[in-house]
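Each of the next two complexes has chain A plus one other chain: chain B in the first, chain C in the second.
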Partner chain A sequence: MATTSAIDVVMPQMGVSVSEGTITKWLKQEGETVEADESLLEISTDKVDTEVPSPGSGIVQQILVQEGETVEVGTKLAVIAPEGAEAPAAAEETPPEPATQQAAAEAEAPSSSEGETPTPEAAPPEPTPAPAPAPVAAEGNGGGEKTFVSPVVARIASEHGVDVGQVSGTGRGGRVTKKDILAFVESGGAQQQEQPQEAAPAAPAEPQAPPEPAQAPPKPAPAAAPAAPQPVAQAQQIEPEAGESVEPMSAMRRGIAEHMRRSLDTSAHVTSAIEVDMSRVVAIRKKLKSEYQKSYGVNPTYLAFVARATVETLRDYPWINGELRGDRIVTRNYVHLGFAVEIADGKGLIVPVVRHTEGLNLLGMARAISDIAQRARDKKLLPDDVQGGTFTITNPGGYGTFHGTPVISQPQAAILGTYAVVKRPWVIQDDRGEDVIAIRPIMNLTLTYDHRLVDGALAGRFLRDLREKLESWEESNY
Partner chain B sequence: MTYLQAISDGLRQEMRRDKRVFVIGEDVGVYGGAFKVTLGFQEEFGPWRVIDAPLSETAIVGGCTGAAIMGMRPVAEMQFADFISCAWDHLVTVAAKQRWRAGTPVPITVRLPSGGGFSGGPFHSQNPESSFAHIPGLKVICPATPEDAKGLLATAIQDPNPCLYFEHKHLYRRLKAEVPEERYETPFGKARLHREGDDVSVITWGAMVHTAEEAAQQLEGEGISVEIVDLRTLIPWDKQAVLQSVSKTSKVVVLHEDTMTGGFGGEIAATIAEEAFEDLDGPLKRIAAPDTPVPFSPVLEKAYIPQVDDVLAGIREVAEY
Partner chain C sequence: MSRPGYAYHLREPVGYEEGWELQRRVADSVASGLLPDTVLLLEHAPVITLGRRSEPGELHLPDGAEVEIVETDRGGKSTYHGPGQLVCYPIFDLTRHGRDVKRYCRDLEEALIRTLEPLGVEATRIEGLTGIWLEAPPRKIASIGIHISKWVTTHGYALNVDLDPAPFTEWITACGLENAAFTTIARELGRPVSVDEVVPHAVNALETVFELELEPLTLEQLAASGPARV
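So, the complex of A and B:
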């Protein structure tokens, strides 16, 4: 097949726990020239979206995995021919029928291993034939005459990794309408399709250049593995009632749904709360704010103070910064701190991680938080930015809530919730030692912990110490 | 309250609250206007605020432009929208461009009784909104309901730009609905979702909103759920609302009473093709009048102006695709 000098583009390993990725966009098409390190395609993993640079210079000879398809790490995605070598090779490489054959082969290979995949959010491996030869194959394939695929149907198909040919159409001349494909997706057809309908496109031909899934490692998958297709498959045909509307779940939404469910199924969630008098923090923050902004362009947020104090406190509570791994308790001498960041107008959530926060002072913490939150919103996070956290802080207080029971980010042991700073009447002692009511800025903190590892007493002590650090904050200490 | 009464009341309310507002047009004073929109106005506001103009649209719009530049807020009535072509130069060359040339606002409102359906023939039945929608500097308003007729008129009079207010003659006395008594302004560029539906979006304005509604009611029985977006104003037009509806239904009919070629429906269709291509599940359909003058014969006029049956057929075609 490909000339010996051809360069293979493979699905990169985008982080230790990422085992597969979805092609979201090819930035270069077949026949286009690409330079080494120039962005060649965009991929979406269960962690982040990113661009993949070309491994070499030349002409994109063949694209083997289409947009919307999900493949394992190491799968060959495209072939780049070094300049000059492309013409004869390309002709030889794309006879019409092998393309469909290849699709069938591809669909079969991953389907056997697919059950273990911990990422139901990503579209399943996609048997859609490569687009360049596809029309030819469709026409030559007298049995299933393919009709026009409308733009919206094409888009939904690519978003969900559905082969439109597998959907039965109710439109004019059997055309697949938007409703048809949405119903197909809703009914979980996308998952099931790899088995039943395969026979249709399979024409006898020499198996040609199947992408090499064999090359991928068996399954790194450290995270627990739920039965992937179940929740979607059982959803059946969803017909909206009057007044209802139905939309498909985004990949991120599915990821969140799966993770939240799995976390609640894994950990024994318990939440304790404590009230913190933030007077000192408020005063110090007021003082530092203009200095930080003027000198460093960074806002010392309450979150930065709380994060700094939390890291400090975690040093004394390694279990809260730890993890249950099998029947062992794992603790560390570092804190990789995750921050829950809302994106997409509150309709998405990502938890970027600041590594080695034990080495950051208040300024460093403030800077790291603002950097990572910004990159999260700009979709500039790298896969390793969102994994390896040892403890997480979530800050739903921005909207004024004063209490909550967050869900632990697995496989961590606990998550800290910070809430709105609110002025409250507060009983304090005046300088004569008498009780008086003062107006104080109060913040509630919650610690939600995995009771399998952390008991209430330990959590209580942790919160007490954290409060103590915040209430007695000394500017010079941090 | 009728559509006509709503216009009349809205105009009276503006004249009562704002002394700069005056009315000028052919027969608007003693006679109360060809359609009686300004009936009783001269008695209430006097001949200097309700001015009977000579038979010259050029003079009317030219005079309004001068008065507007000097700080007044004139409301001109064209007896029929068709006659506005005589005032083209003043509107398009002077009024529309004055603000760009000299920075002076030109707050004119021109009321334009438009549309057919009563055998008015080629000089008394046209819908020339698209010609003016093409002119930067003019605003184009096409109310479809009594409530909007009043609210949009108030907004037009207070707007600092020349506003062409197309009032549909066919709706004048046929359309009745509740209209709030107090003064209110209906914002420009904000479409009204006339009817919610899932299968096909009909983008339209003016009298065709009601034609579409009748068709939609019939189609409900056939299981086709139609969404009707009433644009209310063409300049500015609510692109967002249209694109939102398109992304919901993925099938679109653009309907207007004006002729097809160069009609504003083409602008909407082009925008959908540009900005919502990946939302489409079928070809967009335009329903409009054929490219001829409006016929006088009642039979031919019926064949000319889009009727409920035409809209039914168009929506079915798109729905079945």
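So, the complex of A and C:
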């Protein structure tokens, strides 16, 4: 069946300080064909002229903002009609909710949770990397983009006699989501929300929601959308049993759930662990801490040390920093390091990526980690901040856990877990070469790797080398 | 902390179209990762370029003026390039520099201020008028115009080192600024100044502001880097 899913082109975010842009030139006119990623228009801000690539392939159906006009980021600029758009079969039954793309934006959407029960023992032992919005979204079909109003939104709007144009959208690029329209209706924004039945003039209930392409273009900033008040979306009513309470799953939660399941279905997860004597790191950190904080306002965390040593070690283990792409093995001469960051009080995770960490020393690494974690919590991440990771570190050790088996962030080959530094009795050799027991700060590290690509011996050597680097840390080396 | 990059100083004046072609080639290589951030430093043969925001009234060439006119894809309005002006094209991947077009403009201005400082010229910004100015009375010494595609920058700045600034006002209304005065480093210092003298300061300033370590790039390296795509 042919869909009418149109693709929206919106004013992209050109930097945190940039709130608007001027259309200088349409490179394609209405009726012309455009390919995904082909330059569609040029915008200018200040003395900078920027090409905006088309978010999808199709025909330029409508140009909404003319040359010379200045509009805010997120404003819809044009609509592209996909050429012979065909329905991705897998998406057929999925509710047309912009699930994964909005993960970052909705990270902190308030939700009612009085009845939340503590996580049972059987749950995964630790937070694992969240799906970066783009990789997850990239699972969808090829060239598509969000419809500006999904069929379900259109149906709800028409049932309630709501003009969608009056609803402020929190979706990508100001798109009105199902949640937005439900919130609008609930807040009394619609004139006739009391009589939905009567208000549905020509809307035959269409249960089969046409699918929505799930491809996310890399440009528009997901972090820009404000969190919407969350109405209880009652797509399917689930009646709580006595003592239970029910809350809707956030888009981010759904994204995480999907990614975790897919990762376990994709990679052959195996975990190896090693114990590291952190004495040198502890001593050096103690020494550097006040200097770093005084001079740079940065805390040299254990994580920064481990990350720095990991990047060094990955240099010798390109497959662990690699990826299986089809039947090819992809390796890189750089490390884009992802860090799993918890947000919204344990209700969400995101994996911001520090790019080109091979060029960072300890100070640079500490600074980059603190910067990106802060921006993740402040919801100031840009799309590129969560894309393109080649290896991930997850750090659940802050709670005292000493072991775990995280899930790999696809399509990467491995993930490193770092755990609490704990003082433990440790057998060492004294000056005369005799075994004695000393008190040493020990940190466990785990490497969870995709056994399709990485064998146990390789993982073992990687962990051994990483331990060696941490145990023999020289201040001047890093 | 600094990242490696290349600086390529072309010693002979370059035709505008030729320079533009070179920029595009380098930008392709930077975008595909074949080259790190790369700076082209050069002088152009006399040319008037029209930016995306040029307006009709900006051009008022006298009869017989020996100058080429080219419509470009950079931001800003019309300007003039010629020998004695340092043209600097930083071809940077802004995903490594904050992904913020305004910040990039401010950083280029900062690099210009730091280029002029060791030469004894104290320059400044004027709010709302991108470019670099000397004060009291305001006179413009450098202009900025940028193009970005896939976060890779082309074009950049033009710094007046030692040339007759008449074309900025007599031939065109440069940058669309009526009654603006234009000046040069030589005029401010009251001595001849060569572009070659300014280039090292320009490179140092870019290294500082953008946290780069710029090695000289040879033509052979440049040829080897592109235009092949991955």
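Keep this in mind: the second predicted complex is superposed on the first by the 242 of 478 C-alpha atoms of A that agree within 3 Å, B and C clash if a C-alpha of one lies under 4 Å from a C-alpha of the other, contacts with A are read in each partner's own complex, and residues count from 1 in each chain.
Here is the rule we use: a contact is a pair of C-beta atoms (placed from the backbone, for glycine too) under 8 Å apart; a residue touches a chain by one contact, two chains touch by 3 or more.
The shown structure was predicted, so the numbers you read here are calculated from the model rather than taken from an experiment.
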| item | value |
| --- | --- |
| Which of chain B and chain C A:G31 touches, first, second, both or neither | neither |
| Contacts of A:N361 with chain B and chain C, given as first, second, both or neither | second |
| In the superposition, chain B vs chain C on chain A residues touched | C |
| Which of chain B and chain C A:G456 touches, first, second, both or neither | neither |
| Interface residues, chain B side, partner chain A - complex | 198, 248, 250, 277-282, 320-321 |
| Residues on chain A engaged by chain C in the complex (per definition of touch) | 14-18, 24-25, 39, 42, 44-51, 53, 355-356, 359-361, 363-364, 382, 384 |
| Interfacial residue positions of chain C with respect to chain A in the complex | 1, 3-4, 51-53, 73-76, 95-96, 98-105, 130-131, 144-151 |
| Complex contacts: residues of chain A adjacent to chain B | 150-155, 171-172, 175, 177-178, 245 |
